[in-house]
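Beneath this line is the structure, given in structure tokens, with notes to follow.
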Amino acid sequence: MADPRFFSNRGPIPLGKLAGICGATLSGGADPARLIRDVAPLDAAGADDLSFLDNSRYLPAFRATRAGACLVAAKFVRHAPAGTALLVSEQPYRGYALAAQALYPPPPVQAGVHARALVEATARLGLGCEVGPGAVIGAGAEIGARCRIGANSVVGSNVVLGNDCLIGANVTLSHCRIGERVTLHPGVRIGQDGFGFAPDPSGHLKVPQLGRVLIGDDCEIGANTTIDRGAGPDTVIGNGTWIDNLVQIGHNVQIGRCCIIVAQVGIAGSARLGDFVAVGGQAGVGGHLSIGSGVQISAQAGVITNLRPGDKVGGSPAVPVREFLRQAGIIRRLGKQKGDSE
Amino acid sequence: MADPRFFSNRGPIPLGKLAGICGATLSGGADPARLIRDVAPLDAAGADDLSFLDNSRYLPAFRATRAGACLVAAKFVRHAPAGTALLVSEQPYRGYALAAQALYPPPPVQAGVHARALVEATARLGLGCEVGPGAVIGAGAEIGARCRIGANSVVGSNVVLGNDCLIGANVTLSHCRIGERVTLHPGVRIGQDGFGFAPDPSGHLKVPQLGRVLIGDDCEIGANTTIDRGAGPDTVIGNGTWIDNLVQIGHNVQIGRCCIIVAQVGIAGSARLGDFVAVGGQAGVGGHLSIGSGVQISAQAGVITNLRPGDKVGGSPAVPVREFLRQAGIIRRLGKQKGDSE
Amino acid sequence: MADPRFFSNRGPIPLGKLAGICGATLSGGADPARLIRDVAPLDAAGADDLSFLDNSRYLPAFRATRAGACLVAAKFVRHAPAGTALLVSEQPYRGYALAAQALYPPPPVQAGVHARALVEATARLGLGCEVGPGAVIGAGAEIGARCRIGANSVVGSNVVLGNDCLIGANVTLSHCRIGERVTLHPGVRIGQDGFGFAPDPSGHLKVPQLGRVLIGDDCEIGANTTIDRGAGPDTVIGNGTWIDNLVQIGHNVQIGRCCIIVAQVGIAGSARLGDFVAVGGQAGVGGHLSIGSGVQISAQAGVITNLRPGDKVGGSPAVPVREFLRQAGIIRRLGKQKGDSE
């Protein structure tokens, strides 16, 4: 069970209700009144726990599980052990996420501005906002309803946040408009100057960065990630895009909907990514490139060319993943050869 | 036009005055009294806007522009459309930067220590400093005139800042001396211990880090970048060097004048870079290396040898860029071959 | 000498006492009452300074040193110059660290909660803690004795810290238990949500992150490093492990004892590292991998397979270091060839 020091369990939930929450079908014979108290992995779950099977690799664990209930795709139902009630779903992991959200809902936003917060007179706060100690909300900022602004975070002048945003501690925002239901983890920096200058032997000259950062709805942005504002155009993050920790997004970058950007990725200035692009950890995308929707970029790849929708690339410089694997195989064999080459 | 929510336009400025600001020559026939209200790219500019042509790739856009005025090199003047007044300059982008600075000057430093800032009694603030809410300025710190210290930033004991520094929000400084006109973006960490220890099976032993960080004049340092103090010698950043976001500078590193260090670069301990070195994003420079002036290091390169002035390298391990491109070409072809190798 | 603006020298210390501190033997003839005032490298040390020889590369500097005293292994004693007292030790660098700690002890924790700190009523602080201005300590947190909590840091509800922890400024902690004598540098983020979601074309769905971060004793964690909490299992950092700046540790990662993780490394979710693993700067370790004790991973390597204890790997994808060097040599030669390939 999750440590009660940090997490509040809202169970038990009857199995029938939980099936509804998960969008799953309770398989015949299971008692809808059976109480589920927690979630757990297959090998650790007990009679009060809900588990899930999402990958056939875990079939042995599924066959041996003591979970009271398990989310499972129809095709695996026949492998279930006798004592486990089945919640049949085509998306068992999604079902698990929904069940876990129901059992451990995030702590509610506690309406109120802390006495040690500073909200400038001309800032507007929606109903039900929580502003933590030491937080600063600048003149003219507009914060939607039910937002949490974490302790010691700084929301710059005229910044706009939609409803239901969760801003962690020690975050800095400026020159940005942020949509609804956006989560920013601690230490995120959004809206500072892009890296724009006119090179000059007598000293590089600052080019004013006159754009903004626009972030859509339902985005999540990881700890200590930095997103620079545009130089003239805006830097744009589309609805539903998730960005991990320590990612760099340069000025004028445009990222579409529902992309997944893993930790320590760098997207250089003016690059454009379509929708549902996935970028593996520590990869880099060069400036001014156009990356089509659905592209998958492997971890540590270095993308230096435009990519068409659906391309899958790896390596640095990045090539199609199949070629990259073949390259790696050839190079690995070269490295194993002895003789003249040594 | 830049969003007036975040940017104040100080135009219009008469064309003649703007030419002076840009260091450009107004070409014959143009009316020096014509008013320019804004800057814009060639394809978006209208009759009140100043644009620029910096790269022959954009000649078609230049020929078709509706910009009221345009900065352009003498050699391209003949391609100008009829209605556009020309500001002739050998450095059109530099001119653009100057014009944009004049139309959108950065918000002035607002002298005053916020009631919720904490300035220790023995700290000294120059005239006209702005200290934001929640900022902490430690005992014995010396801050020059007209500096801005952002909200919730922490300036450690005895830190020295020159005049006209702009320190963003949530910055941490210790054990450092910083020059004049330095900009530090949010989340910068300067002066913490370097990663110095005596390895030991019974537990690594801390080696006291007894140096400082010295930062020259006119430097700009990006969000969440970290610069460790020296172990004994100092960590040194030269005048006019610009560092992007999320860069790591290890202890004892010495960087010369007017270098450009792009986001997520790592410079390992005791490396020395000359002047005007350019390091591409996510590249790494190994410890104790000597990198000559004018060296150019490609993005994601891994430098493990000393480099002579003017070297251009790429790849990991890094080699001369020409060799790297040839390597990449050969490997790319290997990856495309089918047959025995699969 | 270290800049007295930032460092307090507690010398002089008599040579005999210093030998005891260092665990070294004063070689015959040296006067144990001789006073040592400072530490310095071989080439800069004078009559009042202690230096050390740790690497035979520096034998020429040792022969020429003017240091008043020098830590040195027995085998190099015969190279010593006449005027230098010798402290013979099998671990001269460790001895140097101990001597430097004695001459420059870290500034003591100053017991007291600053008037501008916020300690929630139900938080418990051990004896002798220092809580800086703007720091926030949440409800139910338990802080051991003699801890320092830096200015504007945020310790979340119910977080547990052992005795003698040093938490820098602008740090954010939540959902974690931290051992004794742990140092966290500025901007560290520990305990935020891991990057866990159920991918979905209609919008990625958050998977509650129900684990914690557990950090052992005697760890040091660098500026702006991020450590996410587990998804269900905990994220674990073992005793004596040192992590440099801007490192990313994903959810569920388990790291053993006394590992060294250099700057900008990324360890993806659910990876497990044994004890005494060393990971070079900017390297990455893939998710769910198992890395044996004593493994050494080169800078910028990309590890995508399990590694056995003692393996030494480099490259991306990572291979044994010997093979990597051979690969690099072959590729380098290919890059130098001219002809058909161009």
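By letter and in written order, the chains are A, B and C; residue numbering begins at 1 in each of them.
As a working rule, contacts are C-beta pairs under 8 Å (C-beta built on N, C-alpha and C of every residue); 3 or more make two chains touch, one makes a residue touch a chain.
Computed from a predicted structure; not experimentally measured.
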Open item on the list: Does the complex stay in one piece without chain A, or which separate groups appear?
Closed with: one piece
Task: Interface residue overlap between copies chain A and chain C, same or different (over half shared) - done: different
Task: Centre-of-Cα separation between chain C and chain A, whole angstrom - done: 29
Open item on the list: Quick check on chain C: which residues sit in contact with 2+ other chains?
Closed with: 134, 152, 170, 187, 224, 246, 264, 282, 316, 331
Open item on the list: If we count contacts the way the header does, which residues on chain A are in touch with chain B in the complex?
Closed with: 118, 134, 136, 140, 152, 154, 156-158, 160, 170-172, 174-175, 187, 189, 192-193, 195, 197-201, 203-208, 210-212, 224, 226, 228, 232, 246, 248, 250, 264, 266, 268, 282, 284, 286, 302, 316-317, 319, 323-324, 326-327, 329-331, 333
Task: Touching residues (chain side chain C, partner chain B) in the complex - done: 2-3, 5-7, 39-41, 91, 93-94, 96-98, 100-101, 104, 106, 116, 132-134, 150-152, 168-170, 183, 185-187, 218, 220, 222-224, 239-240, 242, 244-246, 258, 260, 262-264, 276, 281-282, 299-300, 316, 328, 331-332, 334-337, 341-342
